[in-house]
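These are the structures in question, set out in turn.
Paired with chain B in one complex and with chain C in the other, chain A is shared by the two complexes that follow.
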Partner chain A sequence: MADRTEKVAEDIVADSGQDERFAIDRRRFIQASGLLGLSAGIAGVPFEAAWAAGEAAGDTPRKGGTLVMVVQPEPPTLASYNNTSGPIGQVAPKVYDGLLEYDFNLNPLPGLAKSWDVGADGKSVTFKLEEGVRFHDGKPFTSADVQYSIMEVLKKVHPRGPTSFQEVEAVDTPDAHTAIFRLKRPAPYLMKALSAYESPMLPKHLFAGTDLQNNPHANQPVGTGPFKFVEWRRGQLMRFDRNPDYWRKGLPYFDRVVARFIGEAQTRTAALERGEVAFAAYNAVPNVDAKRLSTSREVIVTTKGYEMDAPVVELEFNTTRKPFDNQKVRQAIAYAIDRKFVIDNIWFGYGKPATGPISSNFKGTGMYTADVLRFDVPNRMAIANKLLDEAGYPRKADGTRFEIVHDITPYGEEWRRFGEYVQQVLQELGIKASLRYEDVATWIRRIYTNYDYDLTSDWLKTFADPVIGVQRQYWSKAIRPGTPWVNGTRWTSPRVDELLESAAIEPDVKKRNALYHEFQKLTVEASPIVWVMELEFTTVYNRKLQDAIVSPLAVNTSFDRAWMKA
Partner chain B sequence: MLRRLLQAVPTLLVIAVLNFCVIQLAPGDAADVLAGESGGATPEYMTQLRHRFGLDRSKFVQLAVYVKNVLGFDLGYSFRDGMPVRELILQRLGPTLLLMGTTIVFSIVLGVFLGLVAAAHVNTWRDNLLSVLSLLSYATPLFWVGLMLIGVFSLKLGWFPTSGMESVAAFYEGWDRVVDIAHHLVLPALTLSLFYMALYTRLMRAAMLEQWGMDYVTTARAKGLTERRIALRHVLRNAVLPVVTMAGVQIGALLGGSVVVETVFGWPGMGLLAFQSLFARDVNLLLGIFFVSACLVVVVNLLVDLVYFALDPRIEVR
Partner chain C sequence: MREFWRGFSRNRTTVAGLAFFAAVALIAVFGPHFYPDGPFKLVAKPFLPPGGTYLFGTDMLGRDVAAGIVYGARTSLVIGLTSTFFAIVAGALVGGVAGYYGRWVDEALMRWTEIFQTIPFFIFAILLVAVLAPSVKSVILAIAVVSWPPMSRLVRGEFMAMRGREFVEACVGMGMSDARVIFVHILPNCLSSVIVTGSLMVATAILTESSLSFLGLSDPNLMSWGFMVGAGREFLQRAPWLCAVPGIAILLTVLAINLIGEGLSDALNPRLRQA
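So, the complex of A and B:
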C-alpha cells in the first residue's frame, strides 16, 4: 500500500510541476484520496456525485473525438459470454453492460441494476433494473434478458460462469424491471462476478434458441453499452461508434472508440509516442519502455485499474514426484527466491512481493493475512541449504544435490529472464536445472494434461474473489487433467478442501475471512507453489485522456466517462 | 498451357495432404490454447470445444474430411475466429497482394537498374558503393530495418505513420482513402523491398558481366552497334532471366518474410494470419492459408514462364 501511495503522490507532484495545469484533476484526486484514506467514503459514491465534484473543480468533459486504443493481441472473437481471453475483455464491455460496476475496494456500484438487496439468509438477491434501457437494435432490456443471460448462457457456456453461478438455481422475474436470483446456498463471491467484463447482459431476442457459438451476433455484438459495434477488420482494427440512446444521459463523450492491433511491441510504443494511439493496457507497451516513458511529457504510465485481476507470479512444483514431493525441498526453494530482486530487475519494479495464495489486493476485504510462514528472512539461503540436507539431498562430491528441468511459462521475454534467474539460484543451492521453453499449446498440455514437469513458472489471475480465482489451484476436486489453470501441482489436503468448501458458502464476512486466514497459513506451510510476486500490469495512456481509469477493471469497462482534453 | 494447369491439380492435392500431416506433429490443440487464453475452463467446456472443433474424431477421418472439402473448394471453418476460412483469407488477400506486388515491382525495377549501373561501371567507386549498400541491406534483419525506418521517418521526421493500413481516426472514403493507404504502404514496402532489391542488384550485376563475355556481344559489336544499344537490347534481355527465375521462386519466401514486416508495421496481411493461427493451433485456417499460398506460387510460376516466353522467344510455352 505504501509504495502505491507514494507513486500516486509522485504523480501529483510531477503534474503540478507542469505549467499547463496546476489543479489536480478529479480522477487523480479520487485515486489519491481513496488510497491515502483521506476520505474513505468517496470511492463508494455513485459516479454522478463524483462527476459533479469534478465539474466543480473546473474540469468540464469535452464531447467528441475518437479514442484509439491498442489491444494486444487481437481478440479471437467478440463472444465475451463464451470466451474470457484477455483481449476480448478489453473491447466487449464497450458494447455490453453488466448488472454491476465496482469501486477500487471491489465494492459493487450500480450498473444496469440501479439497486440490489441480498436476502437475510443470503439465499436470494433482488436486483432493481434501470428503466428505459434499450439494446442497440432498439428492443427494450428487461429482466427476461437477465434471466436468459445468467441461466442459459453464463451458467452454461462461460469458462468461469459455472463456478460463479454454481449456487444460482433460478432467476425470477416478477416484473420487467426486477430480477431475483434464487440460490441453493449463500454465494458471497457472486456479487463480485457481475461486471460487464465477467457477466455481460445479452439480448435474449437475438440469442434464444440459437447455437450460441455460431450465432452471427457472437462477432457482431448487440448490447446496451455506450458504444455500438460497427466493424471488425481482422488483423487491423475494431470500430465502435457512439450510442446516441445510451441509458446514461449525456454519455459517452467520445464519438468513436477504435481498437487497433499491432503485433510488434516497439511499434506500439512508437505509435503511443507519436499520438497515433492514446491508450494501451495490459503491458501492451513492455515494462522496459514503460519505465522510459514514465518521465515523458506525452504519456502517463500507471498500474491502477487491475485490482480485480490480482495476478500472481508463481513457481509451481510437481508435488507427485521426486524431489518436489517433499515439503522441505519445496520450502527450501521458497526461501531461496529473492522476490525483491525479481521485481526490481526482471519486472522493472512493476510488482509487489507475494506472501501466499491470496493477493494483498484483498487487504481491504480483510481476507488477506501476512501472518504466515515468511520466507523473506535474512538467513534464508542457510535455512534453504539446511532444509535440503534434512530432506535427504546432501551435496555430492561435485557440490550438486540433484538435477531437474525447469519449464518456463511461454509468455514472453520477462519469463525467460525469470527462468534464468531461478536457474542461478538453484545452482547456488546445488540443484542443477536445465531450462525448457515451449510454445503455449505445448506447455499447457505438458503442465495441465500430462503433468510431465518438475518445476514450472506460471501466473494466474486471482480475480475478485478466492472462489473464482484461488480455490482452483488448491482444491482436490480441481485436479482436472486437460483443463488449464487449475490444480496442476496436484497437491491436496483434506483440511484445505474443508476450509475452501466452507468459505465458499459462508455469508458472514468475519467468519469467512477467518477460514481464508487458516487456508493461507496451511498452504504456505506446505508450499506446493512459491508465490513470488503480485504482478502489476501497466497502462500507458496519453496525458490528454481523462477518466479512462475509473474502476478496478479499467480497460475492461465501457469508457463511457472517458474524454480527451483539447 | 492447359496441360500445365492440369498438372498443378495433383501437385496441390499432395501439398494439401502433406500440410495436414505436418500440422499434426505440433503438440496441443486449439481447445488447449483457447482455454489457456481464457485463464481457465471447466472440463465440460473443454470437451464441448473439442467436440465442436471435430478434434474428438480420429486423424484419418479428419484428413478425409479435409481432402473432400478441398476438392470442393471449401476451406472449412475457423472455430477460433468464428468465421469461414475463405472469408478470413479473402479479407487478408488484398493487403498481402498490395504489399507483395509493390515490393516485387519496386525491388525488381530498382534491382535491375542498380545491377545495370554496377555492371556498366564495374570496379569503379559506383560499383563498390552499390556492392556495399546491397550487402548491408541484404544482411540486416528485416525487423531492425523496419524499426529504424519507423524511428527515423515516423518519430523523428513525422513523415509517415508508424503502423496500420489507414488512419483510424478519420476513416477516409474514395480517393482520400487510396492516398491514405499509399501513405501507410511506403514504409513496409520499402523495408521489404530493400532486402530483395539487394539480392536482385547482385544477381543482375553478375548476369550482366557474364553476358558481356558472350560471342553474340562480339557479333553485335562487329555489326557496329553502340555499347548502349548492345547493353539494353541484347545483354539486358538475357541477363534479366535469372532475376525473373529468382523472383518466381521467392514468392513463397516473400509471403513468409512479410510476417516480420506485417508484425512490425501492423499490416493486416496473410503472413501474420498464418503466424497467429499456428500458435493458436487453428488447423483449418492454417491449412487454408497454406493451400492459398500454394495456389499463389503455382500461378506465379505460370506467369514467370510467360515472362520467359516474352523475353526469350526460344522458350516455348507448352
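So, the complex of A and C:
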C-alpha cells in the first residue's frame, strides 16, 4: 500500500521535473523556464517582482515545479466552511481565498478585500473588493458571494462562525465590489477572523439553496484561490494545479501542489530527509526528530507561522465535584506541575511555560499580562502540600490523601507520557491517580457531554483573539453539553462573565486590555485549569523552499508566493 | 514421571527454555519487591545509557528500564497465562461437546467457531480492546476470545476419534452420564495434545499482548514490554536500548515457551517416545 502511494506520488512529481533523480533534466528545465520568464517580461506580461523585493540578488522567484507537502492526518473532508479539523485548514486555503490576510503581528493585510474601513462608531465595516476576480469555474466573484458566505454559511454552520460573526446583522452590497458589514455592537475580534482559513469565500452560485454538508463541491472545492482542486485519491494524496487566471497576476509560482498522506511518522521524517517531500507542518515530523533535523543541511525546522493558533496545553479539572471543586486543591496541582520538565522531556523543548488563560503570544497586542498568581516558585511542592492540608485532605496513615482517575488525552505518545508524568507528580503529593485511556469519541463524550471525569488534559488553540479562542472555556454561557472544546470544567464566575462580555465589544484597545488583565488575574487565582505550556508546533521544510512561511497562519495559507530554489 | 522427564529433557535446548522461563517467572513473582516505587517512578535523568547505576538505563522520562522489565514480566505472564487458561477452557468445552454429540450440535458449534476463525485474529483483538477500553480485563478477554477456536477444533477432532473407541462405548453401555464420560474418560486421554497446544498458545498470547500494547492498547496503569517497545520506538536513533531491552525480553520469553512446548510434545507423544 505504502509503496503504491509512493509510486503514484513519484509519478506526479516526476512529470513536473522536480525529483532529485532528474537533476540534469531539472537544470535544463530551470534554464528554459528562466528564459520563458524573461521573454514573458519582455512581452509585457506583468512580472510580479514586488514579492521578491528585498531578497538577495539571484533570489528571484522561480516559476514552475511541484510542491509536495505532507498533511497529517488525512483530512476528513474539504468543507473548511463547516469543519475546522486541523488538516482541512492545511489544504482548503489553497483553493479558497479570504477577505483578509495577516502579518506576524496579527494586523490585517489585503486579501480579496483590497481595502477596508471601520466606521467611527465601530458598527460598520466597509470592504472594497478586488475587481476582475473569477472563481475556478469562470464565474465572477462579487459582493453577493461575500454576503452569502458570511450570512448563510459561516454564521450558521461554521464551528466558530456563530461567535466570530455574532454581531453581524447584515452584509449590504451597494455594488458588486463593495460589501458593508452591519454590526449590532462593535466587534473588534471580527477583523481577525477573515482569513481564507477561518472564513473562506464560497461561490454562491454553486452552494445557494443546497444542503451545504452534502453539496458535491464540499469535497471538490471551487474557489478563487491560486490553485485549483484536481483530485483526491483517498489514503494517498490531493492534487491542486496552478490557477492561470489567479487575480494576483503572475502568481502562484508553483505549477502544482500535492498533499500526501503518510501515516507512519518515521516514513514522513525519512521522506523529508530524502527531499521527496518539501514541507511538513503541525508536528508531522515528531518533535524528537525535528530536534535532530534542526542541524540538518537539507531541511529547516521552525516554530514560526503558528502565531494565530497560540495553542496551550492544559490540565482541566471537573470543578463541580470533589475534590476539584476546591480552589486550594486545584492550586496545589498547579504548583506541583513542573512546567520546565514537561517542556524539556515530553515536548522536547518545543514550548514555553504558560502563565494563564491568555497566551504570551498576545504580548504584542498588550492583552497578555504575567502579573498573575505565579506557580513557578522555588518551594512550590511545600506550598502544594500545605494547600492540600488546608483544603481538608490530610495524608492518611499510608501517605495518601485521596484517589482520582486521570483521563489521558488520546492523541498519541506524548500525551500518554504527559499522563504518566502527572500521575507521578500527584503521587508525590499523596494523590493516587489511576489512568484511563479511551478512544477520542468516548473521551470527548465523557468530558464535554457527561462531565464524568476528575482530571483530564487537552490542548486548545487560543486563536487570534480571546473572544474566538479563550472565552469559550470560561464563559458561563459556553457550558454547552455535547459541544466539544468549550467550558468543560463548568467553572463560572459572574465577574468573569462580565469582564468577557464587556471586553468582547470594547472598541478602545487600552480599556479592552485592562479588562482582559483582570480576567487573567481572576481565572489564575481560581485555577479551573492548569495552564501548563504554550505549545510550539514545528514545521520542517526543505531549504530550497522559499516564502512558504509568510504569515501567522503559515501552512493554513494559499502558498501563492512560495517557490522552490534551483 | 521419570519417563516423561527423559522424553522432555532429551533436547538440551528444551531444558534451557525451561530454565529461562523459570527465571522469568521468578522475576515476575519476586522482582517487584526490589522496585517498590513501581515502574513509572521518575528516578533519574532521562536517557541514561545502560550499565551505570541503572542496569538497563533510563527512558525518556527518567524511569528505570529495569523496573519496567520486571513489572512487564509480571504483566506478560499474568495476561499470557490467564487468557490462555480461559481460551483452553472455552475451546475444550465447545470442542468436546461438538465432538462428543456430533450431528447438529457439532454443525451448530462448528459454524459458530468458524465465525470467529474467519475474522483476522489480531484485528479482532484490536477491535475488542478498543471498544471495551484498554484494561487488564479487556486485554485478557480479547486474547481469550481470539484464541479459543483452534483449541476447540483440536479437541473436537480428538473427541470424534475417541467417540467410537471401545472404552467409550463401554462407558456409555455401563450407563455413565455424558458429563462423566466427557470429563473423566475422554478428556484425560486428549490432555497431552491440549497441553502441547496450550503451551504454544501462551507464547502467542504474550506476543499478542505485546503487539496490542505496542499500539498503545494496554492498561495505562500497567507496564508492559510491548508498551515499552512502542514508546521507545520514537527514540530508536537516540536511545536504542529503550526498544532493544524489552524487545529481547519478549523474544527470549516467547522462544523459551516454544522450546518448552516442543519438549512437551516430544515427551507426551507416545509414537515419538518410542523412536
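Note that the second predicted complex is superposed on the first by the 511 of 566 C-alpha atoms of A that agree within 3 Å, B and C clash if a C-alpha of one lies under 4 Å from a C-alpha of the other, contacts with A are read in each partner's own complex, and residues count from 1 in each chain.
Quick note on the criterion: a contact is a pair of C-beta atoms (placed from the backbone, for glycine too) under 8 Å apart; a residue touches a chain by one contact, two chains touch by 3 or more.
Predicted model, so just to flag it, every value in this text is computed and none were measured.
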Looking at A:159 after the superposition, I want to know if it touches chain B, chain C, both of them or none. Which is it: first, second, both, neither?
first
Go through the superposed model and pick first if A:260 touches only chain B, second if only chain C, both, or neither.
first
Touching A:439 in the superposition: chain B (first), chain C (second), both, neither?
both
Is A:382 contacted by the first partner chain B, the second partner chain C, both or neither?
neither
Winner on chain A touched-residue count between chain B and chain C: chain B
Report for A:170: first if it touches chain B alone, second if chain C alone, otherwise both or neither.
neither
Name the contact category of A:509: first (chain B only), second (chain C only), both, or neither.
neither
Let me test your reading of the model: by the given contact rule, A:237 touches which partner, first (chain B), second (chain C), both or neither?
first
In the superposed view, which residues of chain A touch chain B and also chain C?
266, 439, 442
What residues on chain B touch chain A, complex-wise?
26-29, 32-46, 48, 52, 79-83, 88, 91-92, 95, 143, 146-147, 150-151, 154-155, 158, 161-165, 168-169, 171, 262-266, 268-269, 272-273, 276, 279-281
Which residues of chain A touch chain C once you look at their complex with the stated criterion?
265-266, 286, 288-289, 292, 345-346, 408, 412-413, 416-417, 419-421, 423-424, 434-439, 442
Touching residues (chain side chain A, partner chain B) in the complex:
66, 68, 73-74, 76-77, 79, 83-86, 157, 159-160, 162-163, 213-214, 218-219, 233-237, 239, 258, 260-264, 266-267, 270-271, 273-274, 276, 439-445, 449, 460-461, 472, 480, 482-486
Parts of chain C lying in touch with chain A, wherever the complex brings them together
40-42, 46, 60-62, 130, 133-134, 216, 220-221, 230-231, 233-235, 237-238
